[in-house]
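This report refers to the structure that appears directly beneath it.
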Amino acid sequence: MLEIKDLTVFYGTEKAVRELSMKVSGEVVCLCGRNGAGKSTVLRAVAGIVHVDSGQILLDGKDVIPIPLHKRLESGIGYVPEDRKLFKEMTVRENIEVAKIGVKASGRKEMNIDELLPELASLYNRKSKLLSGGQQKLVSIARAIATSPNVLLFDEVLEGLARSMMIKISEIVTKIKAEGKDILCAESSLDKAGMYADRIIWLEKGQIVATGSPAEIKKQISDSIRAR
Amino acid sequence: MLVKRAGSFIVCLTVAVFMMGAMVAGAADQKAKIPTDPIKIGFVVPLSGVAATLSPNAGINAELAAEYINKYEGGILGRQVKPIIYDEKNAQTAVELFGKLTEDDKVEAILGCLSSSSGLAVAPKVEAQWKIPTLLLESTTMALFTKVIPNAKYVYRIGPDDVMQSIAHVTAVLKDKPDVKTIAIGAPDYEWGHDVVKRFQEIMGKFKPDVKFVYTFFHPFGEAGPNFAAYITNVMQNKPDVYVGYSWGSDGVAWHNQAEAMGLFKAVPLVFDVFSGTAKGEMAREGVLAETRAGNGTFPPYILGYPNSKFTPMIVEKTGVLPTYGMDIHMLTGLLYLKKAYEKAYDLTGQYPTFEMVAKTLDGLSVVGPDGISSMINHQSTAPGMAVGRLHKEKETWVMKDLILVPDYLRIVPPWMTVEQFIDTLDKVQK
Amino acid sequence: MAQTIINVVPEGTPPVGHIFESQQMLSTFLSYIFNALPMVSYIIMLSFSLNFILYISGRVSLTFAGIYLVGAYVTVSVGTYFLGQNFSLLSFIAILLAVGLLGAAISIVVYATFERFLKTDVHRMIATSSLLMVFSGIIKIQWGTTPVTYSAPFLKMGISEVLGNIVPNYYFFMFGFSLILMLALAYFLFRTAWGLRFRATSLDGDRTMAQVCGVNQNIVTAITFAISGMLAAIAGGLYAPIAGASYGIEGNALLLAALTIIVGGVGSIGGAVLTAFIIGIARVITAVEMPLFELAIPFIIASAVLVVRPYGIWGKEFKH
Amino acid sequence: MNTALSMTVPSVGRRTWITTLIFTAIVVVLPFFISGYQRTLLQKGLLWIPSVFGVYILYSLLRQVHFGQSIFIGLGSYITAFMAGKYSVTNELMILLPLALVVSIVVAYVLGIFIMKRTGFYFAVMGIAVTMVFWSLVYKARTITGGSDGISHIKNPSLFTVPLSDMGLYYFCLIVSVGIIVLMLRVLNSSFSLQLRAIAGDLEKAESIGIPVKRMQRLAFTIAGANAGITGVLLAFSYNYVSPSVFEWGYGANFVQSAIIGGVTSFAGPVVGAFGFINLEFFISTWFANLWEIIIGLTIAIIVVTVGEKGVTGIVQTLFSKIRCK
């Protein structure tokens, strides 16, 4: 279970995230909002890439903020970055290896990557920079789930993909959830979020404006537009 | 409080009375009083950079030379010598340091400048601006007194010029191998290297016209990781009778190592080598002729000569090595010249000598220095080291035997001749 | 004054005919390569010492030139003290490895106490090049300014004759040693688990993502600096028997290493080796044929490469 | 993260002009109170200012380290040495200065075309490489340049055919140097400097808003080179001697070190740096003959690690503002 309490993150001198509190447990929660609303920042704060100014991030009741970046995966937080960010000179296998050897997946049941992502089997020995965008996304996901972390963070995982690939990846996300993982995502559009999210949190200027199922949020938004 | 003041007043009064007395006494002697404070002498010697590999203990040796003068010679005109030692970094710094020494530190003479470039930069300024007695050590370029300051008044040099050293080298080579027909010769690629090779070839041509120089090369000077394999291969392919080597410093070490490893010295005898005279002697070879710029101060029998019997042990005690480079001992030679010049000028005029008087007196002086007897002829000291001898290992120390000293008339360009004219006469003298 | 070279004529070769000419040319060509070997191995190690830090941690650090100096001096002192003129290959290799460890230690200490706090490449370049002055000052105080030498390994290994060229065996040893180190490094990078982590954080990878994947950046950087220091110190140690150790040579070492990166490209072991051959052989040829260009040739090659291929012959563009 | 953007070059206000005036007044009067060699050092400091300003422009506006200033100093020096020394053509400053200026501008423009292809570490190394090409050619062409012995007996200069005394040369150097300071202040306060800063901040963005990136970079490099060319002529006349060591990269590095010591966030930086470095080097090496390398090396390293490119002027400014706050 991932719980965020009063999280505040500064970007330069501006507050990117303001005293945000939320909880993810056994579901797929998706942060939505306009550019600069702070959704990526929340994910990056949980992953440990950006510095947290105040607040708490609790993983199964334990604060993860003091844990250094390179120990986050070991303690159970996997992160799939926005624009894939593979180690492009390495093969697919090596990309996944990096995560495996760096981390002792203590006591966690290993996920079967071949079963979850059967498309990768034929690509193992290809250099990752030679793959297509969708394939790269799959490698990126494989790298994050290789050590079976309890919480997974997907940053705009459907961005820039063809429709068929979007469907495939949303299915994978659902499958991962079925393994009993907590999943926190960020998407810029409600349509994409609606493809896999159980619950959506609408952010504006680093604060939660609305929470609910995709359909509820869609309705709220269209109401507010009509009201204007 | 009052008592104290009164006490100091009485002391002052007494001093004043004594001083007046002394002045009267001086006047009665018809000679000016010599100041009793130490006489400051400036030293501009290399303490860093490539040049410092040649004379690694120049700073210590400058102090020792002053110590020697103070201890055994009674200073200059009875005044203790106080050395002021600076690092000759490059030509520009040397100019600035000469200015500081004359204007700020008020030294009464300057010794120094190993590299030709600082000597060339400094000399015209001394002549035109500072007008202070200056004894350049080394700065061997011929251009100094022929082109840059042809009518020198204040600048003198204790250091061999190209002609002096080349005559010594040629004589030594011919003495060792009288029937030499072909020579390979190598030198570092900078002005001194080119000059010395050119002179060697010219003078060899005069002494023995049928000698052929089959291979001449100039290797990069003072580079990191010098690699001489290509040159060594070429020397061996040209099969000369002898090899004459002018590489020194780190180049010298590298050259010897590589030539030894590639078997050059088995194929071609190394007859003359400048390096063996300037390093610690680690790479020296039995029987090779080497130049020692420190003359008979360098290798035994320094025990015999004066002032080496005292001065050389001082250096060995302090630095752990024998003086091998000219600068090491010529600072003492320079101080001895200065001492003599000051004393002679004082005797002649009865006044404490001015810079001009000292500079004038310096010409024509003779001193018994670490090199033996040397004279200042035409601003150039006649016996600056330039002995060539045969290396021999005796009880873990390298010793120089059979020193070959060329008579002065054979190696010093007389004032009325140009270098070219002098070299022209050499073959006649030889016959 | 340089005279034309008379090429090697192996004894017993008939002095006429086509075979003779080609053999003579081959021999001359081989002599260029053999004579360039020491410089080649020296450039390979030094340049990769700089290259490795630049490639793995994206930092410019010129401290390696100071460590090279220390390596050369310590090898001479230790070699003379322990072995003197008695020489055995194994003990010499042991000394080299010990010197390598010393270099690694110095490199880590300098990184941890000083270089870590530098913020930009420009700062690193200026601060570490000032540090070189400190290194050479310390060398001057400890060893003085006379060049020192320990030549036993070079002299005692003997010579071989290859097609009429006399080559000291030490040249082969030196080249072999540096090549083995390079191969070991390549093996480490491309075949081991730790190497994977290094590649993940390198300019080819992604530093943040590597950390997200559990790579400890601090340890990787420390080891990177250690390897770089080791290479530099061993380069000094290997070259000392040939050329001795002398004060004030670090600037030149620095330049050759930097030029090799420009020509060979960042992070390419093959590029470094080939560039070392190009520069080494060019130096040997110009030394004999065109002395005017001997000193300038590495710089001319680098400038020319930069005009044609701005990221080096084998290099690729990195943005960091 | 982006230091290039967060770093600003202060605008030239009234205070800068007043400081320049005070500085000028001091160096005008100072020679009457100091000895000759100190005047030589002062003159050297004045002459270094233009060159250090060249490094300053490339550093503070383009974030590049320019080790190649010695190329242009060398060119200026050798032009002077040939014209007023070896071949005795003329010693007229009004001919030699424009000549050196033209030569260095042409050379700098040509070199700028390909040196400016790369940035950062590569730019720095390319500067060094080109310097060393010049050095080795001058060093090796002994018959023309005198090789390592250099060219001595350069005549004293004359200005409009009036021979200049040592003092006259000092004041001429002063006028040139102050003139260049004023010129540089104008340049740095123009749209030119804004455009350069935009290039340093984000090259692609600068290109997209219509700044001719390549031309601006080359222009900055040329200005730096022209400054150094002038320095070269006057330095050769000050010492009446040149040697190939002016082409060595270590000499060019001195200007970078000066700029760092002085600081590149304030206009006073190059001035403070030039005088600071020269005095540090000269007096440290006379007082601690054996330790000067360690002391200077550590000084620069510590300045860089503590205050970065702000240098001595940065430290002084911080102290000053702290005192004022209290």
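Order as written gives the chain letters A, B, C and D; numbering starts at 1 within each chain.
Going forward, contacts are C-beta pairs under 8 Å (C-beta built on N, C-alpha and C of every residue); 3 or more make two chains touch, one makes a residue touch a chain.
All figures in this text were calculated on a predicted structure; none of them were measured in a lab.
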item	value
Chains touching both chain A and chain D, listed by label	C
Greatest separation from chain C - chain, by CA centre	A
Which of C-D and B-D has more C-beta pairs touching across its chains	C-D
Centre distance in Å when chain C and chain D are each reduced to the mean of their C-alpha atoms	33
Between chain B and chain D, centroid-to-centroid distance (C-alpha), Å	37
Where chain A and chain B are represented by their mean Cα positions, the distance between them in whole Å	79
Centre-of-Cα separation between chain C and chain A, whole angstrom	46
Two or more partner chains touched - positions in chain C	140, 251, 291, 294-295
Per-residue overlap in chain B, given as positions that touch at least 2 other chains	47-48, 189
Sites on chain A at which at least two other chains make contact	none
Chains grouped in pairs wherever the two touch, ordered by label	A-C, B-C, B-D, C-D
Residues on chain A engaged by chain C in the complex (per definition of touch)	47-49, 69-74, 79, 81, 85-90, 94, 97-99, 101-103, 143, 147
Chain D to chain B touching residues, read off their complex	35-38, 40-41, 44, 139-140, 142, 146-150, 152-153, 166, 239-241, 243, 245, 282, 285-286, 289-290, 292-293
Chain C-facing residues of chain B, complex	47-50, 52-53, 56-57, 189, 197, 214-220, 222-227, 229-231, 233-234, 236-238, 249-250, 252-254, 256-258, 260-263, 279-280, 282-283, 321
Residues on chain D engaged by chain C in the complex (per definition of touch)	3, 59, 63-65, 114, 117-118, 120-122, 124-126, 128-130, 132-133, 135-137, 139-141, 249-250, 253, 256-257, 260, 290-294, 296-301, 304-305, 308-309
Contacting residues of chain B [partner chain D, same complex]	47-48, 59, 85-87, 89-93, 95-100, 102-104, 116-117, 120-121, 123-125, 129, 141, 143, 147-148, 189-192, 194, 221
